[in-house]
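The same chain A turns up in both complexes below, where it pairs with chain B and then with chain C.
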Partner chain A sequence: MPPVYEVFRRERAGAAMQHAGSIAAPDERFAEIYAREQYGRRGESEALWLVPREAVQELGEFVDEFDLKYRRVDGYSLKERLKEARALAGTSRREEPLKP
Partner chain B sequence: MSDRVELLLTLADDELILGWRNSEWTGIAPFLEEDVAFSSIAQNEIGHARALYELAARELGTDADALAFDRPLAEYRSAPLVELRRLEWARTIARHWLYETADAIRLDALKGSDDTELAGIAAKIDREEVYHRLHAEMWIDRLLASEEGRPRLDEALEELWPYALGVLDEDLRPKLVTRVETKLGRPLPAVEAVPRGRHEAELADLLEEMTSVRRSAPAGARW
Partner chain C sequence: METDARTEEFLAHVQSGGLVETGDWQPDEYRKRLTKFVEMHANSELMGVLPERDWILRAPTLQRKLALTAKIQDEVGHAQLLYRVVEDLGKPREACLDDLIAGKSKFHNVFHYPTSTWGDVGVIAWLVDAAAIISQKALLKCSYAPYARIMRKICWEESFHILHGRDVILTLVTGTDEQRALVQEALDRWWEPLMMFHGNPIPPEDDPMVHWRIKSQGNEDARQQFLEGYVPQVWELGLTLPDTKLRRTADGVWEYTEPDWDKLMAVVSGHGPASQERLAFRRLSRAEVDWVSRTVLAEAA
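Let's look at the complex of A and B:
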């Protein structure tokens, strides 16, 4: 199998580079031509980045042993905490809902 | 017909017929990336043909489609090199490279023309041809660098070299010889050029196929 190159493209000046796809090419010259033709011929890109796949360092497994939900982008919900509090107080539901 | 129109039709016919021939690889090129690239190059050539036909059509009082599709075979001015049907990759690449090299020499001469419209369109076409040449040359380098590729390229060149010479007028041929020999690193045999003006038998089939949609529709149909 020929080497694989990852291609990133920028739609217009100032925009962020986004992953466009990947191409297989025997060397950089072929990769450049193929990237141009696949991701540039329709005027859909203002610039491309061409990166050999071996140059990409993949990271995975993001440890969160202590469930620090407040650091997450979607925030953390009160649901679980409320359930615990209700169980503790022996009530199923307060008259007035708690303000979150 | 003025010399200018003859020149425009010569260039346009070469680009149209080669574009058509190259597009015959769409879907069956050796691998996917090459399929996309070679098809895109074919589309570019046909785009160049269209622009050139439009200039000629203005002088002749007709339109680009009529020039591309409605002329009898004998009136096409394409070089026999572009007419050959060669469904074999090494020959296709050899033809592509020989044509692009010859075309660059022809465009260079046209860019210096006193006719500013001609010089302008030559410059515009050449800006796209740069990438066609990069594509052709990287393939030639690759073929030259491999034990399998070199003999296959040599065999293709032996067949196609007389045709390649025929793309250019006699005064420009020495430049083609120099460029091709420099790239190959070896001299080429002195051979008779296959001249423009006669056509390969395969051209009739190509025209039959290429014009079939046009002929099937009533005149004036719009697409």
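Let's look at the complex of A and C:
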């Protein structure tokens, strides 16, 4: 089986390179021709990256072993403490809004 | 026992909308069905260019010849992308092509029929592509993510093809009586294969392809969507369809004469009117270009 190249494409200037698909080609010259035909012939890409598949190092499984929730927005629950602070300051809001 | 639990977990994952990537563990049945399905899709793209290829030289204007050639290039490109998906599932493209020309694997029913006139080319580009887009859009939701991603590009290109088909049809129906007749005769020939296109009306809950969420749409759903979208478009051009039972009921369901499903099985297993001729041509072209791939591979090595 010929080597596989992963193809990335940039749709317009300033956009991120996004994975587009893969092609199989016997060498880099053919990979270039196939990639241009497959992912660029309608002007749908501004640039392409060709990467031999074996050069891609995939990482996955991001385990949060130490519960580092202070790094995430969902790591902060302010609602209860805000309620307490308002009660202390005597600025508590009504449970239900007034109807107009 | 442990494999069963793993399979149950996989099934629950895909049934609840979960996606599968190439390296992920897959039950054998899932991989087998998926591989066969994508392979047939790839075969269909590749075989689907042959009826159109016959018309490149006979297309009525230079513009039409060029548009047809571009459409054929798109479809061969789709075949390449789909065979890549199949290769990553474990079956090399060469093996797929060997099985195709040996008659061991299938391709879509509509590509087993001859194209008699330019009217057929218009009907194929309009209605066969319309029927195909309905199935292909549903595949955007396939549980196998690499296939779904490739379908995005394929659907985008198919939208050009429908425009090309409609343009051919509108030119013919606004032309001479002879041109109108070409469209009507072609519709009469193609209606039966079009009604068979989405397959027998197996309930989605009994369809293993829906079970594994390789497909997300039942066969009859797809056919109803096709009828709902396109029968009115055919009728508004003053054209007729060769089925006296065809009508839309008050609750929006289309009724039609039940196609002969045994005939569909016969057609897709190589007994259609043009099946053997098409396969013979594919065999011939494979033999004819063999020296090219051998030379290229030797040079690259």
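Observations
FYI, the second predicted complex is superposed on the first by the 70 of 100 C-alpha atoms of A that agree within 3 Å, B and C clash if a C-alpha of one lies under 4 Å from a C-alpha of the other, contacts with A are read in each partner's own complex, and residues count from 1 in each chain.
As a working rule, a residue touches a chain if its C-beta (ideal position, glycine included) is under 8 Å from a C-beta of that chain, and two chains touch if they have at least 3 such contacts.
Just so it is clear, the model here is predicted, and its values are computed rather than measured.
Aligning the shared chain A places chain B and chain C in steric conflict. Within the superposed three-chain model, A:1 lies in touch with chain C and out of touch with chain B [touch as defined at top].
In the superposition on chain A, A:10 makes contact with neither chain B nor chain C. Once chain A of one complex is fitted onto chain A of the other, the partner contacts of A:36 are limited to chain B, with no touch recorded for chain C.
Of the two partner chains placed by the overlay, only chain C lies in contact with A:21; chain B stays clear of it. The superposed model built on chain A shows that, among 24-32, 132-140, 150-158 or 168-176, the segment of chain C colliding with chain B is 168-176.
Shared contact residues of chain A with chain B and chain C: 23-24, 26, 30, 34, 37-38.
By the touch rule above, chain A contacts chain C in their complex via residues 1-2, 4, 20-24, 26-27, 30, 34, 37-38, 58. By the touch criterion stated above, chain C contacts chain A in their complex at residues 23, 73, 77, 80-81, 84, 87-88, 92-94, 149-150, 153, 296-297, 299-301. On the side of chain A, the complex with chain B involves touching residues 23-26, 29-30, 32-34, 36-38, 41. Interface residues of chain B facing chain A in the complex, by the touch rule stated above, are 31-34, 36-37, 40-41, 131, 134-135, 138, 141-142.
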